[in-house]
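Structures follow.
Presented sequentially are two complexes of subunit A, the first with subunit B as partner and the second with subunit C.
Up next, the complex of A and B:
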């Protein structure tokens, strides 16, 4: 009897953690680019797609999966930095122009991938197999994803709080002209930050590549969840992303388990609407106000 | 001022065209204009690109043999981008600007329903050349894909006999999934089984952990997966990695987006599909079709069921026009309703049913094994699209413009 309860609790925790991992990984790259640079990156899904494609292609050429995933993240980061240099750099402070430009990049990337790679690519198998508990079976790999997500949050926190780049980045965000006056190369910081955001998106694609179908439009599967999480979390990725993803994951796992996928999706969007109304600056804005 | 300029330009162009027209050699015959609306890009491109190629192949073959009634076919193709609004725009363009003799195409049922009213308003002859949820009883529309009574009345009883009577359905949450699920529900009940679960999933969903767990808790013998599109296709890898291990039945997989070739085994282990064609079919007609297809499109990754359907449509239309001795849409429709418009394509002989405007099919039961090779344990030949006719749809006698479902049949 007690064991049954534990099994049910574990099953729910697995669902919660699974949703949490997806939301965190969806949002982290977008949150950095939005929070640090004020760019709403509608091509976020395509950076994820890029990471997934590079992972699948390199892994199928025989590269071990972890290295293939690293390649995916690096490829997305490099493309991100190149795009920042060529296009995004001209759009700082022009919110709506940046939306249109990144949307255009998104459309072109999807179509170019379709033309070059064809409509579909043979996928990868999810590694590690499954385990059983209380009559239910679970995927080991998916059970590990939440821990990856938490580790990634830790790494991002460390980068921004304990490295020279992180200090310069925070200085640039707070007051770019002042940072420049103090000798920080703000142009380089923006380039690196965009690259970091794009690289994290690529890593998300890489991590989910073995569990999904690799198609040119796969970025769209991530985009709604990523924007909802960023809206809920607010501009500060370090403060907002984790609690936002936790709240949304709890709601989504609960609603989906009890009422199905449709209600789960509706719950996600309704929460976003309510939060935008009540906490226009998101959770991080609210936390920061409390602290300050 | 600018208004005057605008009216002069088209006049100048038409004058120029007239001059060219007189200067050019006069063709013996105007082309037969076929409009094609297919998703060359977007979510459905995987399954649709072979359709476009099959249509082009049939047109090329017919043109090489002198066309239809001695007239060459001119194929006017617009990429509808898996976007219903674009379907509507391009359908209007084909009708009003290009003035085509017939329109083929559409993949998703949502896009077909988006353009069907436009076809009806213009009384435009239209062939929906795709597998779907059935029930369209429309004077202007002919359907050449397989329908539920052809796919489910064969598949579901066979699966229940082999694996057991408890069935769980997950289906894409739009007209296709909803109506297909209703068919499954009815057939399960008629065969003495029980539905232990049913869930409709939005097309945007790509993460299925919760769904997989719900299925595990319900312990079905058979899982019907009526999932559509690239997002939902992620279900199969995810269910395999969670070791769900329940035999699956479907009317859409394998035959359309060749998941058994694209996914790593054993994601689709023990998937059963009733298809009216797949590339692996080893018959004289199929092998001949594959040879011609690969000669023209050597890099085609897979020749799917809808390619076979799209190919047949061009020949069915040709036969109807030749019987009518005209491309006049009323005359062609009458010829199609004669009951003897047939063609022999990749899956054998198929004929148009006059009452429902649907088509008979050979139905192959396809079993995907653990290594993703397929076997065909059963073939049902000449399965008629019986349901609409039995339910009271008779387009050869009475016009109609509706889509019916088992719970909403035609009024008698």
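Up next, the complex of A and C:
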């Protein structure tokens, strides 16, 4: 009896951790680009898709999975930097236009992938198998993802707080003209930041590639959750993303276990809309209210 | 007196195309279009009717995005919502006694109320411009996902099954009760109905944007803080214009549903939601006429390319959107129109006003 309770608690925790990992990984690339540059990258889902495709294709050619995933992330980062250089850079100061441009890129990327790769690609096996607890079966790989998400948050925090790039990047967000006057190449910072955001999106795609089917439209499976997390988190990535993902994951795990996946998703969206009504600047705005 | 004042609003600071030549051309185009079902075969008229169906959503988006500066990515949510509402009501109630018109009104009310609720949370919640785009797009995608999973028999409203991913079909067309033989709006009658409706909506919107309300919208677009300081409750204006534009998207949704007698969840999805943005951005979102022209032209191009597969048309549409943003941020149609009118009018003093911020605030003050 007591053990049953523990099993249920574990199942719920597993659900929560799974949702948390998904939300963090979904949102982190989008949040960095938004937090740093104010641009909502509507092609975010397509960077995820790109990471997944490169992972699947290289892994099926015989590359070990971790290396294939790295390839996926790198490919997305390089494409992101190229797009920033060619298109986004010309649209700084025209916020709406840059968002619409990323949508155009998203549309072209999805349809071009459909033309080149066809409607579906043979996927990968989920590694590590599964373990059983109290009659329920859990995937080892998915159980590892939350830890990976936490590690990634730590790495991003370290990059922004303890590297020269991070310092320059934070200076550029706070006051771009002043940073420029002090000799920081702000253009390069924006390029690297867009690349970092795109690369993290690619990594997300790479990490989820073994767990889902790789299709040209897979980006849209991620995009709602990533938007909601970023809206709830607010502009400050380092402060907002983790608490927002934790709250939403708790909610989603609760709703999903009781009412199913879709209600979980709708619940997320409704929560985000209501929270924004109360806290227009998101969680990070609320946390930083005294500092500001 | 009232009428004359309203007609005077057809021309004003917020609309391009004011001269005698423009209105003569307008009358000519409408007249030629009206003759189309007589001279061309049924297929052509039916096809042009399909193009006309979409124009209402485009005009609504031009109003919301171009005039009021609200970046709504989710107009197809209202399109789909109204389409489904019409389908559910007509399948349950049938097409006798003019009930299809009641269904039309119910569908429009559904999209208006949804837009009002969503708009209240966004604008009164102080959601900033970029977030409006995200929230509207998220709502659209979630609504699409929701409708796509309604395949089971438990998802039915009355006798109307929602049918999940395959969507609903078999709903009756708009029907005018007439003694003897009811007039079903299909083929040529539907075409004339759509054309007439478009002319009314187009002229009505021109009056709206040139009125005091429209000038305030443009003032908010140019500088929300300034408009607020001048004493306007910008939230109320944003909410009103969002409801009007979304209801027009709903109108397109109902008309689409009656035209093809089907509605599917994918008519709201990411690709579908991008299309109105592309039409309006490519034409010139800050002008109703430019948006309208671009919508019709791009729909035609898409359809020509769709023969080879929808992905080619969509890639081209994406490229057009990207090109518009990079090369002609005010839209291709508007850029061409401005160039033409500059070339024709040699005297700069006689140049037509094109609706700048200064004029907007000037006409508010007067």
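In the analysis below, the second predicted complex is superposed on the first by the 289 of 292 C-alpha atoms of A that agree within 3 Å, B and C clash if a C-alpha of one lies under 4 Å from a C-alpha of the other, contacts with A are read in each partner's own complex, and residues count from 1 in each chain.
The rule is short, and it goes like this: contacts are C-beta pairs under 8 Å (C-beta built on N, C-alpha and C of every residue); 3 or more make two chains touch, one makes a residue touch a chain.
All of these numbers come straight from a predicted model, not from anything done at the bench.
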item: Subunit C versus subunit B on the shared subunit A, clash or fit after superposition; value: clash
item: Touching partner for A:71 - first (subunit B), second (subunit C), both, neither; value: neither
item: Subunit B versus subunit C as contact partner of A:114, first or second or both or neither; value: both
item: First, second, both or neither for A:49, with subunit B first and subunit C second; value: neither
item: Which of subunit B and subunit C A:220 touches, first, second, both or neither; value: both
item: Subunit B versus subunit C as contact partner of A:152, first or second or both or neither; value: neither
item: Touched partner set for A:262, first subunit B, second subunit C, both or neither; value: both
item: Partner chain in contact with A:228 - subunit B first, subunit C second, else both or neither; value: second
item: First, second, both or neither for A:14, with subunit B first and subunit C second; value: first
item: Subunit C collision site on subunit B, chosen from 132-140, 168-176, 222-230 or 276-284, when both complexes are overlaid on chain A; value: 168-176
item: Overlap of subunit C and subunit B interfaces on subunit A (superposed complexes); value: 111, 114, 217, 220, 224, 262, 265
item: In the complex with subunit C, residue positions of subunit A that touch it; value: 38, 40, 42, 87, 90-91, 94-97, 99-101, 103-108, 110-112, 114-115, 217, 220, 223-224, 227-228, 230-231, 262, 265-266, 269, 272-274, 276-278, 280
item: Residue ranges of subunit B touching subunit A (in the complex, touch as defined); value: 41-43, 45-46, 49, 173, 199-202, 204-207, 209-211, 213-214, 216-217, 230-231, 233-234, 237-238, 240-245, 257, 261-265, 267, 301
item: Subunit C residues touching subunit A - in the complex, by the definition given at the top; value: 71, 73, 118, 121-122, 124-131, 133-135, 137-139, 141-142, 145-146, 149, 269-271, 274, 277-278, 281, 309, 311-312, 314-315, 317-319, 321-322, 325-326, 329
item: Subunit A - residues contacting subunit B, complex; value: 11, 14-15, 18-19, 22, 111, 114, 118-126, 129-130, 132, 135-142, 210-213, 215-218, 220-221, 224, 253, 256-257, 260-262, 264-265
